[in-house]
């Protein structure tokens, strides 16, 4: 019997020890090896500050982050520079895959432990949980004036500023120079010579048949990228008044049918949209004619040595178009470090810092005074992307900045495209379904 | 003296009565805190319009009503059932077959077991990546080998039928080893005297299999089938990293469908309702199987 | 006759093994192809210029020594917890008749039917309320109550003859003593199996660490793998290398315990 109670006691003790959260595993493991974001001289959390600034308490900022290329190092540079003046701040970069960002962020918020700052692409969904920066940044107008107009709906609402724009992306056309040269086909050399879709289609077919190419045009599998075609056909997702759908109108159906045609004739390989093949890998293999992607791929493709590649003007139909996109840094409420988070964002928002970050990562800066960034690579390519953005109809920015509609509708647009490509639905039918969802979403507001 | 004995007996009886509860307690408490409570939350959410971020509103059975007329959901359910219906029997047959082969006196059986078991130790994400690399329409080695053999490559991942096939093959590859090990354990606990006695009686191999092996293997079989069914209905990371649920929706099964609603479309309430239905279906299926087999007791 | 039958068996086994082995071999071979040679067409079966560049990339991307240590520690500790609590509970459910037993069994197993993905948020809320956020305890303890392990133990222990237990009781043994001196030794084979399983489950856990851990020092290996997948980009080179690396420890553990497993089979007071 004594043995029994001993066992019971043991189990109880174990359970208590486990749940008191003071695991012995924690204390020994605070060695931050290898992650060079945390500190330069081994400053730890418990106040061993070796700076002159002895009044400031040590602060740790959690930054929820994802990356496609080199922007992590670029951001770390910014952070390191910030720490020179602010040694009491320690940054903890929590890097996740983009596909996990949503769930990670939501679980953190729902659990009551939001990160100090998160890098996001859909800030609109999170406004309720974000810290209003307008006062801190010197007033709504003062702040927003410094940035591109088209971005405003993404990070502001009702006079409040809830995030800081980090970089702007533009969709555009990357092509394989080597293959084009092999086939003896030219690309437009200036905005005046921009080709129509018919001309471009022909060019792709010609290059494919007269060179080592195995694949035609690669197209990223997102509705955002597909919408480039939609705008070029003169269509849009939401109507001009902003109170109803437009995606299922004549232009929308035409764009969808054309997209299907390009697949059926193998101008676009089916393995990307349907087979899950990654366009980046395909392009890198040097056997694809072109890649309809965007400027973020520049830093990624930079190390390609097997073949020559470049950026050229995307084709037009009723009009030219690109689609803007961007990333934002959002400070959260209820973190206990809101002030410090905002201070860092203020630092980042300065022209020279945002500019440095963007030119290091090869991104376009969202700031109006950064239009002439000194990119150490690909200057002419950036010029083309900027030109594309400048020739984009307002519908593109208007649609995608509708943070109240787009996140809900986005996956359904992608589904509709896939259904049409697989032959499981007619273009009109599929688009009508999306239009229905848009209407419902607007009504539910 | 008698009184003392009676006291001791009562003590022992109390001890015996308490024992099972105490043995079960640690497992139970963890299970309760980390599964029952969150599941209860989940159940609660299914009656709300929770979006994962802001305050939720109670909406009664709206989600469930919507669910019944959601044809996409039932299509997904059917697809999942088909996937499960093919995978489970196949796993059973192959795992048992291989296990039988590997309990004989064969040299290198340790190596064979290790080779067949190894894929189960690979994380689902990596399994998906592996098979995508092999069957990929463009870089896949399979198409290359086919072309070498004079055949035209097949768009494995771009067509529903083939994509489903690849998903099934990848599932089998990554799960058979696990069940093989369970069967080996079960087979080896059948006393060899039974077989010896049957041999003396002149029984044939097949008879021994059906009259001795299968019946005595019942607890193991029940467990294998149950686990395989549950596994197949929960399939997610492997398929997502292999096909992403594509082409289109051809390989989108229930958990992925639920996950999309919960996290991509911010409809956690609706997703929770779907989870409840999924759970009920699995529960009913396995309860029936359990009761029919009397819990696997011999 | 016997020779040809055995030959048949060997042949079948070799074909089956090829199916299981070749994909892994292909991944390993591919992982030694650096940069764009990975995408060369026609693909080379054996890399003409094998390089370990991918592995260097994989190691550089994070502090993999630390991640491996974390994964090992979490896996081993969690497995220990699993062995203890699953066996105790399995024993109770198999060899005792008590109120609520069947309900409890179905309850435990039904845990299996709830995919973690769908209760992620409530789980997270529970974790934070218990102050387990970003702690190792938070990824060691909760997953240790494995329903499969419990079921495994219960099914196995069902076949322990009741007479054996009764005999021990008549001899005056306490329940705990029966558990330690009788049940545990008998369970050696299945305990080996459970060890292998648990090691594999915890080693490959991805969702739990994703939910609970937020600082890189505490990352496990599986979390680190996901770092190779950006928003627009899949780094196959690093991904293949890291996949190969993560497969190795589990294999080693298996090979070690395999021998124990076979040895353990020779025991068992079950025969006859």
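Should a chain be cited, it is by its letter among A, B and C, assigned in written order, with residues numbered from 1 in that chain.
The rule is short, and it goes like this: a contact is a pair of C-beta atoms (placed from the backbone, for glycine too) under 8 Å apart; a residue touches a chain by one contact, two chains touch by 3 or more.
Computed from a prediction, not measured in an experiment: that's the story for all the values here.
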* **Mutual neighbours - chains that touch subunit A and subunit C alike** => B
* Asked: Looking at A-B and B-C, which pair shares more C-beta contacts?
  -> B-C
* **For subunit A paired with subunit B, centre-to-centre distance based on mean C-alpha positions, whole Å** => 36
* So how far apart, in whole Å, are subunit B and subunit C when each is placed at the average of its C-alpha atoms? -> 14
* Where subunit B touches two or more other chains at once, by residue number -> 15, 26, 52, 139
* Asked: Which subunit A residues touch at least two other chains?
  -> 1, 4, 7, 103, 106, 110, 214, 281-282, 285
* Can you list the subunit C residues in contact with two or more other chains? -> 39, 41, 120-121, 125, 130, 141, 174-176, 226, 236
* Structure fact -> The residues of subunit C that touch subunit A in their complex are 35-36, 39-41, 62-63, 65-66, 70, 73, 77, 120-121, 124-125, 127-128, 130-133, 135-137, 140-141, 174-177, 210-211, 214-218, 226-234, 236
* Over in the complex, which subunit A residues touch subunit C? Could you list them? => 1, 3-4, 7, 18-21, 23, 25-26, 29-35, 62, 66-69, 92-100, 103-104, 106-108, 110-113, 115, 121, 214, 220, 278, 280-282, 284-287, 293, 296-297, 300, 303-304, 306
* To do: Report the residues of subunit B in contact with subunit C in the complex, numbered from low to high.
  => 12, 15-17, 19-21, 23-24, 26-28, 30-31, 33-42, 45, 52, 98, 101-102, 104, 106, 110, 112-126, 129-131, 133-134, 139, 141, 144, 173, 177-178, 181-182, 185, 188-189, 191-193, 219-220, 222-223, 226-227, 230, 233-234, 236-237, 255, 258-259, 262, 268, 271-272, 275, 278-279, 282-283, 286-287, 290, 295-298
* subunit A contact footprint on subunit B (complex, rising order) -> 11, 15, 22, 25-26, 29, 52-54, 132, 136-139, 155-160, 163, 242-244, 246-249, 260, 263-266
* Inside the complex, what are the residues of subunit C that reach subunit B? -> 6, 9-10, 12-13, 16-17, 19-21, 23-24, 26-27, 30, 39, 41-43, 45, 84-86, 88-89, 91-93, 96, 98, 101-102, 104-115, 117-123, 125-126, 130, 141-142, 144-145, 147-148, 150-152, 155-156, 158-159, 169, 174-176, 179, 189-190, 193, 196-197, 200, 203-204, 206, 222, 225-226, 236, 239-240, 243, 246-247, 250-251, 254-255, 258-259, 262, 265, 268, 270-272
